[in-house]
């Protein structure tokens, strides 16, 4: 495999905090494995390389169970990776265990999928946000900072004294974002932050996130299974299948000219609104159990274009500007 | 279990299960190891407990005048190995235990195993019918209450089961004795059999069964009559817990979509409740019935004492107050064994009823 | 239902209800009440008592005996027609084996015979030697544990009368399942927890007992009362006493004898307690107790105590001398001794004895002495812990029932006199004791003439009431309650409660 | 009793964690999360306020009544509960509504004073057991690994003894007294709390809010105090309420066997034991029995109501 | 041609006097796939539940509901047992929850067939195999012996559809049958339903909140809000030119097409809580076009074009809403 770290941002932002040369978040050949008595070893992430630059939004899409969350949690340091490295601003991310998280890593934050579970139901909003503020802050400064953060996510300052159950899902997700901002992050990993929300709240939260990233010049890895949503906000999009990234490309290019048959199938499966009813295209089969991944190209059993080369695993190779694909069809010369 | 697809067009099929035997064997091996560890823990705790007590078995088992004679005391202590250091006594006990020898009871002078063989059936004769009754009634009534959730009958059941939970077992025993024996005279007093009957030849150790096997119908009927009150009390105690549990388990199941789906298919209520609800509600019931059985055994201590029932509960009580170490250890080991075996059965049954569960 | 009509079953089953713990039916080991009752029916002894008359041992296996003047040698002449249950003849060998085995087993009952050695002169003559003079040897030889076993059979089953019998004898297991005696009954079945069944010995040498089958069943007191209230058959209850007798149908027969006393023991060792070792305190407690009230708690035939010898035995003080409460005297005694608000822990076994919860009595005592300004803190202990603490001699004040080791009042002296068994655990040494008490005790033991001994006993008791750490409070009786049709159901204060073989129908 | 009864259902069977349901197939998770939360918002239990449920109100009244009785015992009791009187075993009458016992003591007064023992002792037992079990459960759940394993085996060990027999043995071993009875009951009842708290902690350990706090640089100890503890004690507190009734029962059982508070204390179980010697004096046992029954019933109903409210999961019953 | 299902001013009040559905008028013709759309909590599922008498105990239903000439609201217990499964059947949102986890699929697939169709055990089994074939499940024989957990979500939903189709119902109610599934799997289910309509003339009442799905599958759509029908009409026309501000708002909030910050337009405010609906139009507090009139009385749906009704009196005057 020859992952090529692709750096750069479509929208210019402030320089990355760490090493100015490399990307802000650099995931290199990451693997995550679960061992369960029932299924044996499950390789949920099987060697993924991906990087996100400052001010850049990278979307990560894929079917359920393909390892998106596992990747996110390992990237942020919630689980120890089985192999590979994650670098944030140039320094390796240490998994959060017994020790307190090093201050330098607090700039890497995460927004979780379920807004109902990601806020402590028994603590006031203000206290939870204050977790991320420097310990030396005086009471007054602290209050001020909390209302600033709440204001940023469009919630009133009086929110600080309330408890999470007093808010709707969309509001909670905004509060969770405010809490993440308390760590003054330069990079946010958002794992399906709007999946649990109503269409209308979805729009609110997504708008907020995108605005913040642009305003604060942060980087964001935005994970979702909703292609249309990712298309709307991401600068680049990575497509994951069964623990591997099969294609990365600038979003519009990915939509207009997908290089991987799987990407194509995913896009075709999205129902669209049109005057005449038009059924989305069907991709046969479903994601295999990662505990039992097919040999060679993992997509081979479902691929309409599979041929004999597919018995070998295709590497992720760059094809043009900031785009890579892992498919023998593309690597054998042709692009697109 | 997630299925695997190889055929592009074929969708998927249930993946072949990996061979199950090794899983089961591993599971059993682990459980047996845990059980052994548990039993060992029981011996340690009991031994320690008995030895922190001021006074030893000699005081409990020799007459007062004999205690004044050092020679007699020394002879006794030597006979039971009480003159050895405690760790040696313990090692000795373990060694015998490995050979299946539980030692000799100081209060009955018989091998503890013999005592257990005698007392356990008497207790089972109480516990098993109580458990079965409690299970049947508990499941039926609990299910009824769940189905009629919120209505008057549900409230009645709820209050009734709370009452059952709140009644002191020894008091209930006295009350039923007072009512049915003293006032009404419809039931026999205590014991397992009226004196005019000789205990039937021992096959199972349970008088009802043995008498029936021997064709002694009058004795069998008499034994059944003696069972009624204590079984009633034990059932009352257990059924309350079960009803509560079944009720809430069934309530939870009733909210599941698959019950709505079953109705939506046009199945009659009888089928939905009897097949779909019962099947799913039974899983938690099995869990709790394992615990309920353990508590039932525990409940027999008081009940047996009041009804003069010569079972394990009385034996345990006398062993504890007489500081009869081998007997206490024997009873504790037995109960711990029952506890683990029941739990094991519960887990196995679980796997049998619920296909989603694998032994791991 | 309960009681049943034994008459219809051939008229031959006698039911005896008792709450029992029977550890052994081997005469060499037996010592609990129920065991004694059963062993008495299965094993003949050299001598015996009939009914409730404890004045003089009567012939049993021995047709006659002679005691030497120094009370050290006793010669017994055996009857020649006695046979064991299996048909073997009973000879002097069996007697010698049985008595020596009993002594050498060093089990609970061995203590009483530790002083004795049996030898035979011929096949039907046995001589028992006492190492220390003891005029009560004939009485001891009425006790069930001196029952004569079939020596040949018991030896076959591992029995021995050797000096090392305590270690090597292994016949107990056999004897717990099979009787090897010459008594009117044989053991049919024994279930340590529920019942013990006797059947008539077809080869019994004496008069055939009336009942061919006897069931002793384990039953708590409550149920005994209820069962007896309804019984229609031949049935006895052994544990009904005191208050439990109230409300029983008038048709039932009762037979009783006051053979137990309940007493407080106050430690005389100042190291254990400054308070209890103060004689004035003891006397104050003695004066503060409401003896009639305590006796009433036992109900039935119980009576306030006069001394330590229960009325069932010759040598008891007359009822007219019963102690009585005198609070003014108690307060005076305390004041004179300069004891203000004394407080003592009273330890007692938390058991129910003869239908009375000892805690109730202790509470009553606590209430009584409080009126005199004495504070008692109750300290109930499980029986084992109580016995252990008592044995240690470190208990300041304790309360327990006491009965005689064997049915001679003088045996109490062996136990209660300064420096002896009970006294030793009470810190009452000869040095601490009043000279007169010591002398009076000696006199009891040395007097061989029964009438004179009884007078000496009474004098000794009067002195105990003034100078001892014992406060006897009440006498209580053992009672046999029998269904109306029975005859011969007499309470025997002799250790075996009732002579089963003597029970018949009217 | 009971209850070993008393074991909880959060951990179905003693010796081992229940065989895992293979729910790793999480394809259908997304909408589920939304649904279940909606459901919780809508509520599925009796969501009426406590004071609108007649049963709960009645039980609360009973309990408050008993607490008043305990507090005001000297004012309420017509006689000194320890005062002996020569007229014994008087059946219920105007002068002695509940009759008198074998020492002529007024049973009503003793029942009244009994509340001063049973209710506070039950509270102490449960509080101690909750404290001991809570701390151990918290440690086991948070530290995991062999600490957890060892603690769980220890709870198994306690569970493997029938509660009453173990309590009897402990109480007999150290001699009957109030302190030892409390000790014995704490020893047999702490594992339930340890298990409940442990499993609650295990749940919280997987919660995103804990992760979020750790990601913000909160140290493990602070997280334990702020995030784990407050979210784990809920079930245990609910359980404790339910266990109060059980503690009253167990204490009475020990007393009944002569292993509880020493005489002449007016303890209900011991009073029943006195009456049990003679069924014909039914009033001696019946009234203290009814006292136990009402107190325990009130505790149980309240615990039940509290459980339904606080934690719908616990509506499972035990 | 008379409609297969027709609801006229159906109202549902939940226990505790919580009105949740108001005056829902709706019809489904034979062989037609009709959609119901709306935000979460708008009463879509309750409408479906009312059609099968699966409402929470103590709910009250008003108005009329006729199915194949029969008055549903007048049915007795036996009548409902007859209609359920054989007349109207249902597919639930979450196939994992809707299949009994402890009964083999064969059992769940045949038990109601034997009852409704009076089939013998073997006949029912034969039909079950046929059905599984129809919903494109490979190896039906083996599937019959398997349990739900042995299948993926998509397969489970196919099984659930097979169960719903077993007694040849005339109407299938599908309550968000694809919400729990991945887009790729969803496409398969949509294709299946569409094929079934073509092959066996199945009528479907399809509930979803995904407008894209509606567009792909249904011929007509009802848009629900706060238990009321806001707008109805042929799906294509309705979605391309909405005549109700709510429909327009729904369309605006969903991602559509090319990138750009602010391309998503959230609906301001939050949905109505049942029982606390404002007077007048329930959408009025969130509506950008609301006038004072909107707060007086709930507007009646009025015709706004070919086969279209809108409950917004202002709508016809607005040019383009989307």
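As written, the chains take the letters A, B, C, D and E, and residue 1 is the first residue of each chain.
We adopt the following convention: a residue touches a chain if its C-beta (ideal position, glycine included) is under 8 Å from a C-beta of that chain, and two chains touch if they have at least 3 such contacts.
Which protein is which chain? UniProt says A, E = ABC transporter ATP-binding protein; B, D = Peptide ABC transporter permease.
Bear in mind that the values here come from a model prediction, so they are computed numbers and not experimental data.
Shared contact partners of subunit C and subunit D comprise B. Chain centres were defined as the mean of their Cα atoms; on that basis the chain farthest from subunit A turns out to be C.
Which two chains touch most often is answered by the contact tally, and the pair is B-D. Farthest from subunit E, judged by the mean position of CA atoms in each chain, is C.
With centres defined as mean CA coordinates, subunit D is found 47 Å away from subunit A.
As a whole-number value, the distance joining the C-alpha centres of subunit A and subunit B reads 54 Å.
Centres computed as Cα averages put subunit A at a distance of 33 Å from subunit E. The residues of subunit A that reach two or more other chains are 37-39, 64-65, 225, 284, 286, listed in rising order.
Those residues of subunit D in touch with two or more other chains are numbered 20, 22, 24-25, 27, 30, 34, 172, 273, 276, 279-280. Each of the following residues of subunit E touches two or more other chains: 40, 93-94, 97, 149, 152-155, 182.
By the touch rule above, subunit D contacts subunit A in their complex via residues 20, 22, 24-27, 29-30, 33-34, 37, 207-220, 226-227, 230-231. Taken together, the subunit E residues at the contact with subunit A in this complex read 39-40, 152-155, 182-188, 190-191, 194, 209-213, 215-219, 235-237, 239-240, 249-251, 253-267, 270-271.
On the subunit C side of its complex with subunit D, the touching residues are 221-222, 225-226, 243-244, 247, 293, 296-297, 350, 352, 355, 357, 359-360, 362-364, 366-367, 378-382, 385.
Listing the residues of subunit E that touch subunit B in their complex gives 52, 54, 57, 80-86, 89-90, 92-94, 97-103, 111-112, 115-116, 136-139, 142-143, 146-147, 149-152, 154-155, 158, 160, 163-164, 166-167. Considering their complex, residues 36-39, 42, 64-65, 76-78, 96, 98-101, 103, 106, 108-110, 112-114, 116-123, 127-128, 131-132, 169, 176, 179-180, 182-183, 192, 195-196, 225 of subunit A touch subunit D.
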